[in-house]
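In the part that follows, the structures are each spelled out as C-alpha cells.
Note that chain A is present in both complexes that follow, paired respectively with chain B and with chain C.
So, the complex of A and B:
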C-alpha cells in the first residue's frame, strides 16, 4: 500500500471573497464556510476566527484540532464513514494544507478546559500554537442535548477541514512524503533478520465525550482491530473526546501519529513494522481483560518480537496498559509503554501508582501536574468563563499581575502519549 | 425495577449493585448502595467490599484527569465470589492512591457539579450497556 502526503506550506490565513491558496496565503470565504456548517440543523450559528502563532490569543475550551486535507483525483472526499460514504483510505495521493489547522471549541459540558495559547509561556506546551488556526465556534440550537451537541461540533470541524483543503486538490505540493509498505508476509521475506514490531494504540472508549472513532464506528463497539498504518495517517481514525485536554489524541495527532511516523522511518532499516492494532479502553474489567487478551494474541499471531503500546487518557486506562504489558512480556514479546505521569507539582512524587514487574521499558510523555504560569491574553476565543476552571482549585492561582497558574493537564496536547507534542524525556 | 444480571464465570447468573454518591443514579436505579459522602468514600467502600470477597465489575476510576475532579462516582460491584480476587484488590488499592495523588493540589470541582452528575450517570449507563452485551 502506497500513500503520498503532499504538503502545501501555509504561512498565513486571512478571510476573503474566495477560498484559495496563493503563495502560502490561505484565504477563506467566511460566509460560504459558515453556510456549509449551518446546513446541520442542530447548529444555530457559527463564529469563525483566525489565530496566528505569536498573537496574544487564548483559545478555550478546545474540543478537537484537525489538519485540512484533500484526496487528489477522488470523487469521494472527507472522513470515511463520518463525513462521507465509506471508502478505503491509506493509498493514493492526499494534499495537506501544512501549517494550517481547524480548531473546534465549545462548552458541551461546563468543566471542559483545553487551552491553546498562541503566545508566551502557554505556547511552549501545545503543538497547536505553531499552526495557523481557523477557530470554529458553533452555537447549538436551544435544548440540544450533550450527545448531539458533541456530534455536531465533531462533524463541523471535520467538514470545515475538508472545505478548506478542497482548493488544493490540483495544486503542486512543495514536499511529498511517501509511506509505502508491503504486506506482512512479503516484509518478513524481505527483512528476515529485522525484529518484527507491532504498534498497539489504545483509544478512550467509555461513553459520552470519551470515545474515539474508526471509519465512523465508535471504538467502544470494537474488538481490538488490526489496521494498516497508512489508514490512520489518511483519516480513518478521529477523536470524539472532550475532557482530557493534555492527553486526548486529537484528530490532527491521529493524522500525524508520531509513533507510526517514527516506526515508518526505521522500517526496513532497523525493524520490520508489522502494523497497528487499535485497542479500546473499556470501563468494565471484563471488557478490559477481553481487549488485553485479544491484543496480546494478535501480537502473537503476527509473530511480533516487540510491541510499542501507547495509552490515551489517565486513570482506568492505566490498568489496560499494564495488563497488556504483562501478557505480552509473558509471551516473550518485548514491550515498550508510552504513558504520561502524575508526579506532583514539583515532579518528585512517585509517578505511577500501578506497577508490574514486566513493565521494564516505559516512556514518559510528561508530568500532567507540572505547573505553568500563563500570561494574560488580549483576545479570548471561546468562553471566558471556562478560564475559571483552569485557574480554580487551589489558593493564589490568580496572580496580581493577571497571570494564572495552571497545571499542564489543562493544555491541549501537552503530554501526548503518542509523542506528538513539545516535551521530551531526557535521561540523566 | 431494572435488574441487571450477568453471567458468572463458570456459569449461573451474577446479580450486581451500584455503589454511588450520585443522587441521579440513586433516583434512577433500585439496585443501589447509596453513599452520602465523597468520591473518596465511594472508593474506600468499594475496597472494603472487594476485601470481603465481592467482585469489581467496573473500574473504580474514570479515564481522564478532568473527570478525577468529579464530586460524583458510581462503581458497579458483583456479588461475593467466595474469595478475594488479588488483581481486583490491586486495582482498587491503586485507584485510591492515584485518586488521592491527583486531587492533592486541586479541589473537587463543585461549580460544575450538575454536569458531573450527568456525566457520571452517562458513563455508568455506557458501562451497563457494555455489560448487557454479555448477556
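So, the complex of A and C:
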C-alpha cells in the first residue's frame, strides 16, 4: 500500500474574501466556514480566530487539534465513518496544509481541557505553539446534552479542517513524503534478517471526553485490532479524548503519529515494521484482562520480535500497559514502553500506579506534575477561568498579573506518550 | 554573586579536634574559625565564599538531646545568617551521620537554604536527609576526606550560584530520588525506536524509568460483629459539596475534604457533584451515590445490617495523585477515624 503525503507549506493565516492558499499564505473566508459549521443544528454560534507562533496568545480550553488535509483526485473526502461514509484510506495522494492546524475550544462539562500558549515558557511545552492555528469556538444550543455537545464540537473541528484544505487539492506540493510497504507476508520474505517490530497503540476508552474513534467506532467498543500504519496516517483514527491535556493524543498527532513515522523511517533498513495494533484501555477488570490478552496474542501470532507500546493517559491504564509488557516479555518478546509519570510536584513519588519487574526498557515522556509558570498573555482565546477545572490547574492558578502557575498536565501535548514531544525525566 | 557567600559548618567532637568517644557528650559550641575539615573546605571555596562559623557537637549529645541541640543550632543559624549549611562528611560513622542528617534536614526545612553533606552510601543518615540535602558519596572512612572535600566545595559553589546540578553520577552525589522533567534533543518516539534496536542487538541501554517498588500494608483484622460496627464512607472519586468549598483539585490532589452527612439519606445531586477529572462525569452528577454509595450504607443502617454510618465522609481526587500525597491522606484520615471510634471503612475509587 502506497500513501503519498504532499506538503504545502503554510507560513501565515489571514481572514479574507476567499479561502485559498497563495505563496504560503492561507486565507480563510470566515463567514463561509462559520455557515458550514452552523449547518449542525446543535450549534448555536461559532467564533473563529487566528493564533500565530510568537503572538502573545493563550488558547484555553482546547478540545482537539486537527491537521487540514485533502484527498487528491477523490470525490470522497473527510474522515471515514465520521465526517464521511466509510471508505478506504491509506493510499493515493493526500495534500496537507503543513504548518497549519484547526484548534477547537470550549467548555463541555468544565473539565479536562488544555492550554496552548503561542509564546514564552508555555510555547516550549506544546507542539502547537509552532503551527498557524485557526481557533474554532463553538457555542452549543442551550440545554444540549454533554455527549451531543462533544460530538458537535468534534465534528465541527474535523469539518473545518477539511474545508480549509479543499483549496489545496490540485496544488503542487513542495515536499512529498512516501509511506509504502508490502503486506506482512511479503515483508517477512523480503527482509528475513530484520527484527519484526509491532507497534501497540493504547487508546483511552473510558467514557465521555475520554474516548478514541476508529473509522467512527468508539474505542470502548473495539477489541484489539491490527491496522496498516497508513490507515492511521490517513485519517482512520481520531480523538474524542480531552482528558489530561498533556498526554491525550490529538487528531493531529494521530495523523502524524510519531512512533509510526519513526518506525517507518527504519522499515526495510534496520527493522521490519509489522503494523499497528490499536488496544482500548477499558475501565473494567474483565475488559483489561481481555484487551491485554488479545493484544499479546496478536503480537505472538504475527511473530513479533519486539513490541513498542505507547499508553494514553495515566492511572488505571498503567496496569494495562504493564500487563501487556509482562505477557510479552514472558514469551521472550522484547518490549519498549512509552509512558509519562505522576511523580508529584516535587518529583519524588513513584512514577506509575502499578509496577512489574519485566518493564526494563521504558521511555519517560516527563512528569505530568512538573510545575511551570506561564507568562501573561495579551489575548485569551476562550475562557481563562477554565484553568481551575483543568487537570494540572487549581483554584488560584491565575495570578493577578496574568501569569499562570500550573502543572504540565494542563498543557496540550507536553508529555506525549506517543513520544511526539522531546521531553523526558532524569534522576537527580 | 558579587558578595562572598557565607557557610556555617557542622562537625562532631572528633573532627572538631576536641576528643574521641570520651568527648561524645559535649554540648554544641560555636567557633568563629575553621576547625578540622572546615579549614580544608574553607581553602577550597576561598575565591568566592567563607566559612563564618564552625559548630562542634558531641555525637551522643545530639542523639540524646535532639530538641535542645536543634534549638541551639537554630540560634546560631539566625545569628550568622549563612547562605549554605555544610555538615560532615560523616563517612560511615552512624551517629555522626544521623546527626548530620537530622540537622541538615531541619536547617533545610526551617531556613530554606541549601544543605550539603557527605556520607558513605550505607550510612543510616542518608535516608534521613536524602530529599532535603545534597549528600555527596564518600568512601567509608576518614581516609576519603581528601577526595570528599573538593566535591562538596564544587557542589556548594554551584548551589549558591543557583546553578542546576548535573546527574548524580556526574557530580558525585547520592541520588535524591526525584524525577526532574527536562527538554532534550530527541523526541520520545525516536528514543523508543533506538532503545528497541539496542535491546534487540543485545547492546547496553538505560531505561528512563526504573520500575517503582511498592511497600505492602497488612490488612486490619476482620470486624467481629458488623451489625454493631460504625462504618465510615471514604472516596477518591471526587464527590464534593457543589461549591467545592475546599477547592479540591480535579487531578493531582493536594488535599482531602471532610463533610458532614449526618442528617442525609444519601448524596443528593442538588448538593453534591463530582470534580474528578478522570471519568465521564455525567452519570456521577446525576446521582453521586453511584460513586460514593451513602444511600446504600444508610439503608443498611436502617435495616440493622450495620451499627451506624459515621457522621462525616472523606473525599479526595484519585487521578494523577502522587503516591506520597496518597500516603499522607491515608495516614491522616485513618488517624481521625480511629480516634472517632470508627470500626471499618468503605473506600470507593474510580
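Please note the rule applied: the second predicted complex is superposed on the first by the 399 of 428 C-alpha atoms of A that agree within 3 Å, B and C clash if a C-alpha of one lies under 4 Å from a C-alpha of the other, contacts with A are read in each partner's own complex, and residues count from 1 in each chain.
To be clear about the criterion, a contact is a pair of C-beta atoms (placed from the backbone, for glycine too) under 8 Å apart; a residue touches a chain by one contact, two chains touch by 3 or more.
Not measured: the values here are computed from a predicted model.
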**Prompt:** Is A:24 touching the first partner chain B, the second partner chain C, both, or neither of them?
**Reply:** neither
**Prompt:** Where does A:315 make contact in the superposed view: on chain B (first), on chain C (second), on both, or on neither?
**Reply:** both
**Request:** Name the contact category of A:207: first (chain B only), second (chain C only), both, or neither.
**Result:** both
**Request:** See if chain A has more residues touched by chain B or by chain C, and give me that chain.
**Result:** C
**Prompt:** Does the superposition put A:266 against chain B (first), chain C (second), both, or neither?
**Reply:** second
**Message:** Tell me the contact category for A:220 with respect to chain B and chain C: first, second, both or neither.
**Reply:** first
**Asked** Thinking of the overlay built on chain A, is A:286 touched by chain B (first), by chain C (second), by both, or by neither?
**Response** first
**Prompt:** Is A:342 contacted by the first partner chain B, the second partner chain C, both or neither?
**Reply:** both
**Which of chain B and chain C A:245 touches, first, second, both or neither** = first
**Fill in**
chain A positions within both the chain B interface and the chain C interface are 109, 111-112, 146, 206-210, 243-244, 283, 314-316, 342, 344-345, 349, 368-369, 389, 392-394, 407, 409
**Of all residues in chain A, those that touch chain B in their complex** = 109-113, 146, 204, 206-210, 220, 241, 243-248, 281-288, 313-319, 342, 344-345, 349, 353-354, 368-369, 388-389, 392-394, 407, 409
**Message:** Going by the contact rule set out above, which residues of chain A touch chain C in the complex?
**Reply:** 109, 111-112, 124, 146-147, 195, 197, 206-210, 243-244, 258-259, 261-263, 266, 270-271, 283, 305-306, 308, 310, 314-316, 334, 336, 338-339, 341-352, 355-357, 359-370, 389-395, 407-409, 415-428
**Prompt:** In their complex, what parts of chain C are in touch with chain A?
**Reply:** 131, 165, 167-168, 175-193, 195-197, 199-200, 205, 207-214, 247, 249-252, 254, 275, 277-282, 318-325
**Message:** With touch defined as at the start, can you tell me which chain B residues reach chain A in the complex?
**Reply:** 6, 56-69, 76, 88, 91, 94-95, 97-98, 101-102, 104-107, 109, 111-112, 114-116, 118-119, 122-123, 125-127, 130-131, 134
